[in-house]
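Listed next: structures, encoded as structure tokens.
Next come two complexes built around subunit A: one with subunit B, the other with subunit C.
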Partner chain A sequence: MSEWLFRIVINGAMISALYALIAIGFTMIFGVGGVLNLAHGALIMAGAYVFLFLTRTIFLEAVALPVLVAVPLTVAVVAGLSYGLYVGLVRYVEDDVVITFLATVIVATALTELVLGTLGDQPYDFTVLAGTTAVLGTTVSYTELLGFVVSWFAIGLLWYYVTQTDGGRSILATSMSERGAHLTGVDVGSVRARTWLIAGGLAGTAGIFLVGGDPSATPLMWLHPLALAFIIVVIGGIGSIKGSIVAAYGIGYLETLTVELLGQGFRGILSLVVLVVVLLVLPQGLYGREFVHG
Partner chain B sequence: MTNATNNTTGPSKNSKSSVGRRAFLGTVGSAAVATTVAGCIEGRGGAGASGPLTIGHLAPLEISQGLGSDRSAKLAVDEINDDGGIADRDVEVVSANTRADPSTTHSETERLIQEEEVDVLVGTFSSEATQAILDLVGETGVPFLITGSAAPTSITEFIGQDYEGYKSVFRSGPINSNLQAEAMADYAEYLSDLHGWSSYGFLADDAAWTKPFSNLLPDKLESRGFDVVHEDRLSLGIDDFGPVVSDLSSADPDAVFRFFAHIIGGGLLGAWHQEQLEFGIEGIHVASMTPGFYEATEGAATYETTSQSGAAGVTDITDKTIPFVDAYQETYADDDDAPSLPMYMGFNTYDAIYVYKNAIERADTADYEGSLDDIVSALLETDHTGTAGQISFYGADSEYPHDLQETRDDDGKIANFPITQWRPEGEIECVYPEAYRTDDHVAPHWM
Partner chain C sequence: MADAEGRAEGAEGAAAVLARSRSTLRTSVVRPVGSVATRLLEPLDRAASPAAAAFNRSLGQYFGTVTGLQLLVLITTVLALFAAPLWAPYIVGNYLYTLAIACVWAIFAMAWDVQSGYTGYISFGHSALSGAAGYATALLVVNVGPNLPLWVTIPVSVLAALVVGLVVGLPALRLQGPYFSLITFVAVLLFYRLTIGFSEFLGGETGFQEVQAFTYDPTLRFYYMLVPMLLVAVGLTFVARSNVGMVFVAIRENESAVAAAGLNPTAFKLWSFVMSAIPMGIGGVLLAHFSGNVTPSSFVVVNNSIEMIAMAVLGGIGSVLAPIGGAFLFVILRDEVLHGVGHSLRYFTLWMVVLAVLVFARDGVIRRLWHAIGAIGGDSE
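Coming up: the complex of A and B.
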């Protein structure tokens, strides 16, 4: 019994940490700019492929960087891509929700075509850190453990930034009330651009540890994380970082429990049921109050 | 033709057109009538017809299996044309991208039949896509040779229920998954003889094609005296193999049979190697049939097996297998989009085109609108040595009418279901059946 319990605790913690990484960037962008960034999944995919490109010789003979260099480099590249996406495209269309929605979908599908065109549909896999260990009797890989640590490290950094620095507090302020932020002298444009940069970094990190874990890198791998981010963000409360973390763990553990009790075939179904219930009963989500229309 | 006439009767927006609308309509209308009448007189195709025969190829062209099949079809057609065509007529192939999606497959099939006026259809990768077009195929009577999907219901619930309605439907490969399940159980016996393995786990995509395996394989294994210690169907959106690995570790099978076409088993393979899990991974894994899979998984595919028609061309199933793979590689050496191997669907599609050629030459007509029965009887007479094995069809009164017959060895074991294994350094060996074996199955080095 205790072994069974530990297994759920450990397996759930590993996958939930990943889900938190997937969802936070998505919720931040929505909170700050009111933009539903449907290219968020594509940025996660970019993280996986950039890491693959930097660490494997199958693409370019010359580059095969050690993991210690490749991880931060990948995060920086994807953060840059995300920043570029905002500054180069979204900034000009963000006032129109529908256009933004469509523009970000187009970016995602264009990236799919780019991957298909250059690498084909071949699924790729990698491990970030080889080896496994037992935690409370449950075997976990070093990659998963590292993902867990990095996830909390990133959350800690983000928390520090958002609550303890002026730059970060202006992000929080903008997500609470854009008009209020304007009135207190916050440069909303630069806040948004910074938010996209941070969200991109988180998405890139998620991409590395997602494919470093179980799913393979494929041209359509962005769909599932995007759907997950949606579910988590709606349950947590749109725009709330704390809500996203709580909901990520809620969904992660719910899926792990479902799999243990009902079987693998039911994996995603209960999350959708919870999503519907939350939409009906608690439409603002668990911590939805940080977000006030400006 | 009626469509063409109807379209032109709509109100013209261009009143400045130098050609009078009435005159234009008259010309188009009479042309339409003329071609319709001509069509009636000549019939479609027929041995006496002179135009080229058109083969419609259906496959998802963004995935490797579909591309391998497309290139194999083109190779077969080029060879046939170099050799004088089919019944002295040139052959051309029109490839349509089904995206493995039933509704796209349906609209593309309509286009091939009505606009491209194909004489035969070959292909379809997913069983869901296959079944979406069977009514259309049945209504038009166009011969259809299935080459990529294995669900038995594509036969039993269509031509098996209404022979006249679906008699133009054949499957020239692979053998259906009821027969595959039997072959898998035979393979388990081989593993037991070789390694002493006696307990098995079972995992499958939660999709239509794996149902026969779920329904049949565990019972077949138990009736052969083996234990089935774990059974699970996996959600197609699985992103965490942790619980699966935990379950397998505690069930402790000697080998796990997994049937993955939608799921990519990379995560399972990674855990298998890193944790040195004490079981073999056997069964079917479509992603693992792509030539680059070993490299793409950083070698995590080592020791896993998958069944695949044609056995990746590593063994001479027939005297045509290896020459075909050589010709394929030579032809597409400079084609960056072409996979470096035809893969299972490529073998089957290549064979299907020769099966059709031979049948048309026996029937002395390709006119399915006028002489479908002649074409069907000619196809039923098929006894063709293909690249993936000997091809003949089950008869009209059998359990699987027009389905590919399994071939059996002297012990009565199914033979046209080869299984390949990835080896260290990325080599592929054919490990089963005995007749085509290039090397014995190897257990993971940590077992």
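Coming up: the complex of A and C.
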């Protein structure tokens, strides 16, 4: 019994840490710019493929970087992609929510086709760190453990940045009230660009460890993480980082429990039920708030 | 502070560059071409204006008013479509097939637009509605009997689309803005997963092949698709131009104002969903009988919803007729112009075109054309 309990606790923690990584970037972009970035899943996919590209020799003979170099490099590349997406596209259309919405989903599908066209639709697997270990009697791969550690490291870094530095506090201020931030001399444009950069970095990290953990990298993998990010962010409250983390753990454990008790086929279905209930009972989410200015 | 202002100006500078390149394009290309076109087309406009005046007097209050040239273009387009079996075989490619499939997608694009484009509640789940209709037809044929008459299967299938629309819409439409889109997006993923999860009942990845195609004669098939499409277009234009359509637009512009005026926005949003689900059902039935295949990838997957949206965007969101043009543009580009290109490069190109339209002509290509035509001989912009 205790072994079973430990297994749930450990596996749930591993998957939840990744879910938190997936959701935080999405919620930050929504909180700051009011933009639902539907290309977020595509950025996660990009993270997986960039890492694959940098560590394996299947695409380029010469390039096979050690993991220690490849992880930060991947994160940087995806952060750059995300930044480029904002500066090159979203900035021009963000005055219209609907257009932004549509533009990001078109970017996601275009990116999918690009990957399909250049690399084909076969799934790729990789591990970040080989080997497994036992934690409290549960087998955990080093990749999952590293993902867990990196997730909390990233969250800690983000927390420090957002609460302790001026640059981060201006992000927080902008997400609370854009007009207020503007009036106190915050450069909203650069705050938004910075938010996209950070969100991209988090998405890239999530991409690496998501594929490193269990599923394979496929061109269609943008959909599932995006749906997860939706569910988590809505439950946690759109725009709230704390809410995303709490909801990510809630959903992560819920999924672990359903898989454990009901089987793999029901994965995700209970989360949807929870989503609908939360939307109807608590539309603001756990830590959501009314928007000060629409 | 000064630094911040400087950077804010930088951001505005980028927008200014965009605006400047747009205005250069306007002065050096659009205006000369436009003035030539104006000179050529003005006599036509004048010739047709009595007819237009008659149209505006009799039907204008139901369908909106047109100028002479607009009426002429409209009539020519409809006639050209009806005459397609005469001219299509002379063009390289398989245009009769392409135009027929474009008709079905035009229905989808219009149906999406009357809900999402008008009320501003963007749905990513419309392929679930057409999927419901297609699957209902297939399930009836498989489980009840292959000889069920069409007058039974078609209404039941449209009803299925309506029911699914209400199942998605009832909870979703109580929500504001982005939440609605999230729910529809998740809903379509759920429906896809259901087709795989209940594969013994819903056919799984391969779906059903048992539905009888209406006909395999390309000419007849084209008319089977064209006529319903035009009827749906007339019906939806009527709805969109009625008071109900006005309320839809008002919801998009300012929902609290609608509520303050004593109207229940949720009820109207639900109506828009109904108005949208019925044509989606009709389109789904047509698509099922087009080839006889009902599969998750041809009906349910979220990419289908995104394609509908892309068509509406190409034509122009928030006007029932422009998405028809968008659908024809999209399908002709996809199946004819880019025919030789590999699948993913083709779609990549298409998405880039749609993205360009979103950024540079957000009210849509067809709508721009329509207004340009209207400006000739009439009031300038």
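One rule holds for everything that comes next: the second predicted complex is superposed on the first by the 289 of 294 C-alpha atoms of A that agree within 3 Å, B and C clash if a C-alpha of one lies under 4 Å from a C-alpha of the other, contacts with A are read in each partner's own complex, and residues count from 1 in each chain.
As a convention for this text, a contact is a pair of C-beta atoms (placed from the backbone, for glycine too) under 8 Å apart; a residue touches a chain by one contact, two chains touch by 3 or more.
Just so you know, these numbers come straight off a predicted model, no measurement behind them.
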*Based on the superposed arrangement around subunit A, label subunit B with subunit C as either clash or fit.*
clash
*Classify the contacts of A:Gly263 with the two partner chains as first (subunit B alone), second (subunit C alone), both, or neither.*
first
*Is A:Arg91 contacted by the first partner subunit B, the second partner subunit C, both or neither?*
second
*State whether A:Asp125 touches subunit B only (first), subunit C only (second), both chains, or neither.*
first
*Check the residue A:Leu116 against both partner chains and state whether it touches subunit B (first), subunit C (second), both, or neither.*
both
*Look at A:Ser141 in the shared chain and tell me whether it touches subunit B only, subunit C only, both, or neither; answer first, second, both or neither.*
first
_First (subunit B), second (subunit C), both or neither touched by A:Glu255_ = first
*For A:Leu210, decide between first (touching subunit B), second (touching subunit C), both and neither.*
first
*Of the stretches 45-53, 63-71, 81-89 or 99-107, which one in subunit B hits subunit C?*
99-107
*Would you please give the residues of subunit A that touch subunit B in one complex and also touch subunit C in the other complex?*
116, 265, 268
*Which bits of subunit C are touching subunit A when the two form their complex?*
1, 3-5, 7-8, 10-11, 14-15, 18, 120, 122, 124, 171, 174-179, 181-183, 185-186, 189-190, 193, 197, 302-303, 306, 309-310, 313, 317, 342-345, 347-348, 351-352, 354-355, 358-359, 362
*For subunit A, which residues are in contact with subunit B within the complex?*
7, 11, 14-15, 56, 58, 116, 120-127, 130-132, 138-141, 144, 210, 213-216, 218-219, 224, 255-256, 259-260, 263-268
*Okay, in this complex, where on subunit A does subunit C touch?*
30, 36, 89, 91-93, 96-99, 101-103, 105-107, 109-110, 113-114, 116-117, 185-190, 223, 226-227, 230-231, 234, 238, 265, 268-269, 272, 275-276, 279-280, 283
_So in the complex, the part of subunit B that touches subunit A is made up of which residues?_
62-64, 206, 232-235, 237-246, 249, 264, 266-271, 274-275, 287, 290, 292-293, 295-298, 300, 337, 339
